[in-house]
Amino acid sequence: MSKNIFFEKSKPILLSEVFTESQFNKDLKIHDIKTLKQATNLDITFFESIAYKDSAKTTKASCCITTEKLKKYLPENCMPILVKSVLFDLAKITKRFYPDADLDYPDITLSKPDKSKYSSVKFGNNVLIGKNCQIGESTIIGNNTIIEHNVSIGNNCVIGSQIVIRNSLIGNEVVIQDGCKIGLKGFGFIPNKNKNIRMPHIGKVILKDNVELGSNCTIDRGSIDDTIIGKNTFLDNQVHMAHNVKIGDNCMIAGQVGFAGSTTIGNNVSIGGQAGISGHLNIGNNVKIGGGSGVVKNIENGSVVMGYPAVPLKKFIKDSKKDE
Amino acid sequence: MSKNIFFEKSKPILLSEVFTESQFNKDLKIHDIKTLKQATNLDITFFESIAYKDSAKTTKASCCITTEKLKKYLPENCMPILVKSVLFDLAKITKRFYPDADLDYPDITLSKPDKSKYSSVKFGNNVLIGKNCQIGESTIIGNNTIIEHNVSIGNNCVIGSQIVIRNSLIGNEVVIQDGCKIGLKGFGFIPNKNKNIRMPHIGKVILKDNVELGSNCTIDRGSIDDTIIGKNTFLDNQVHMAHNVKIGDNCMIAGQVGFAGSTTIGNNVSIGGQAGISGHLNIGNNVKIGGGSGVVKNIENGSVVMGYPAVPLKKFIKDSKKDE
Amino acid sequence: MSKNIFFEKSKPILLSEVFTESQFNKDLKIHDIKTLKQATNLDITFFESIAYKDSAKTTKASCCITTEKLKKYLPENCMPILVKSVLFDLAKITKRFYPDADLDYPDITLSKPDKSKYSSVKFGNNVLIGKNCQIGESTIIGNNTIIEHNVSIGNNCVIGSQIVIRNSLIGNEVVIQDGCKIGLKGFGFIPNKNKNIRMPHIGKVILKDNVELGSNCTIDRGSIDDTIIGKNTFLDNQVHMAHNVKIGDNCMIAGQVGFAGSTTIGNNVSIGGQAGISGHLNIGNNVKIGGGSGVVKNIENGSVVMGYPAVPLKKFIKDSKKDE
């Protein structure tokens, strides 16, 4: 995953080019922008919330956009670049590396599939495929579906009709039902009067083997990180997954559930219809979340919760009865 | 409705072929899998929940997949086949009869409409029609819309653009707005580590006369039974109807409402925006359900409810004030 | 905005032609149906709820469909036409003026874009454009997208794929992500056994400069009035906006939010995911509405609310704790 196959990246840049006001090693060259976890000593990273302090402590990045308050968590090898708004400066440097990732320009390299290249793939009518896609054996792609450049799809997948897939890596035996929009940029921007500043989205969507998505789901790609759905996890219709959300293996997500950005869901989690999960949360393994719940806190392994805000199921039932 | 026009069925099979471990009439031949209500003495049926005991008592099926606990409700003519998981064995035998109904393979018999066959139908651009469809007089089909094989659509319908319709029977004067996905398989499977077991969906969607669907709705077809919307019932945008849901006549369903599987809604029911209705419920006639409600119990005729969980409206208002 | 560019209007009509049972100036000729605010002395208007009494007092319409109870608010120059159901008679006269606006017949004037007319526009594959559209410089239109007749789109817009836009005026630098359906008729009808009476929708959707819509949003056009999104307001995925909703400038609307009809939202408002806003409300400026909230009352400038029903955030937190 070291190279970004979906977005063109500029050459390495001198840090001093971008952060002109800071005083630090003027000659430091940075090669890419990555998360705290993924960065190497060639990269710059960012650290905007105490929630990520564990990742900060072990980052290998050579420098990190952060705040006065958070800098103490960074290791010695990582030079802090102190700013007022981490997200603002993150947007600025990401845009500098990836000038085309802040908007989803439709792929104009699309064309009808080259049957000689995809000889074992079954295509419906009017399918459009971008450059450098990979589609595995015995996969079926439905009518009017659009697969943008560099997307890879595994073997034995059933991709429905009227779907858009971009910036995504899709495993084997994945099922995607009609109307899904996968890999679009997320809802990330810095509010600014008259003209918001968009956060470039250089991440991907990764759907692991045996994933199923119901119809009209929207799965946004990650901003710097990726959006991931684990093996054998099934989503029902009209589910919305924001950027950077990670869902584990063997989960069941019912219709119209919404996930706000950067939340992580464990394995074997089941979520009832129309539940909403706030952003930047950790939901453990083997958790059950009742339909219609609004989850606003982390949830421990094995918990069963329901309600708005979500509470342990027993309490929800007791409270509902108390009102009677 | 005795023949399934959407899915190819295998020849009749010996019961002993499928249920090798059970002891019973080895020579019993079964012709199809049907619901308790629809089965004839040529069919096998299934009975998995006490909620269906009334239908069980009068079933005409020759045999029934059920449990030790439930078998006492079956009539004498119906031989119980006792299993641990009714749904598991139901999936197995349904897949045996209908090998292609567990996944929605895109219809590759689609082609441009034959103008001589559909001489009184108005088609937009790029419409795709499958084999053996029927489309009534003066019906209009919008741009980029896909009508898969064997679908029938009545007279004077207005079908919008970028729609997919499969496995559906649609009445007269039905209006379907852009982006709806109708007749896809539902969210039915038996969770199984690493590879869930999909329930074949051999049911249909039936939209009766004068139904209207707003844009981007998703209406899943039935699993063994059908999904039905009654006459003159209107749905707003982004409504999600799971498999086997039945809505009566003259209902009004506002935007983003979600119905979990196998729930039945009476006539003259109105449901406010974003309400969610749990699965396997009975909602009576003339019921009003407030916006945002979460309905988790059966509701009697004429009730007015609101809240999460939904309670009588008066109580909801009193409780809201009490908190003030 | 005096002429309706999207719907063909009949010639002026004698009032007595439509309201045969009323007694009034038999020779009064009316030229159009408009809202209380927009009507001139050539137009008829309507006044169905006390909520609009301020607009009623200053209307310039020559006559107004209303009720015995409300007529006292109308100025002298405006003749009241007293009816039992304002909406029923509104539907009747609107249909008389605009016979084709009660159903969304797909545009059959669509064709591939004329490259000589749109020389500075970049088009994806299979784009369909109706008659008399205007598309600004350097705008990009994605694949399989449909722009119906008379729609105008400004400069530097990025319109994604598999979108439908009709009856809409779109500003500069607007971003619309894949799968949105914009400008369709709303969920407006008079319930009537066996055959509801549809309210014609002669309004538009207006998206001002720098608006962004996430994927699979549905933005219905206005009925008599317009649906409007102000400058620099961003919507996330799967948002549903009903007819006549007006959102101000610089707002942030998260995923799966739903707006019922005719509600007005101020400037600088942020709304969390899955919140629902009831119809005919006024939400002030600088309001924050928490995720999952159900807003059923007007909200004053600067308020922060959460809950179902929504209450001030402090109270929501206190109540949630009290239950613990």
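Chains here go by letter, A, B and C, matching the order in which they are written, and residues are numbered from 1 within each.
The working rule: a residue touches a chain if its C-beta (ideal position, glycine included) is under 8 Å from a C-beta of that chain, and two chains touch if they have at least 3 such contacts.
A quick note: this is a predicted structure, and the numbers were derived from the prediction, not measured.
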item: Chain B onto chain C, rotation angle from CA fit, given as a multiple of 5 degrees; value: 120
item: Copies chain B and chain A - interface residue numbers shared by over half, same or different; value: different
item: Interchain centroid distance [CA atoms averaged], chain A/chain B, Å; value: 33
item: Chain C residues counted as touching two or more neighbouring chains; value: 126, 144, 162, 179, 216, 238, 256, 274, 308
item: Residues of chain C that touch chain A when the two form their complex; value: 122, 124-126, 140-144, 158, 160-162, 175, 177-179, 210, 212, 214-216, 231-232, 234, 236-238, 250, 252, 254-256, 273-274, 291-292, 307-308, 320, 323-324
item: For the chain C and chain B complex, residues of the former touching the latter; value: 103-108, 110-111, 126, 128, 144, 146, 162, 164, 179, 181, 184-185, 187, 189, 191, 193-196, 216, 218, 220, 238, 240, 242, 256, 258, 260, 274, 276, 278, 294, 296, 308-309, 311, 315, 319
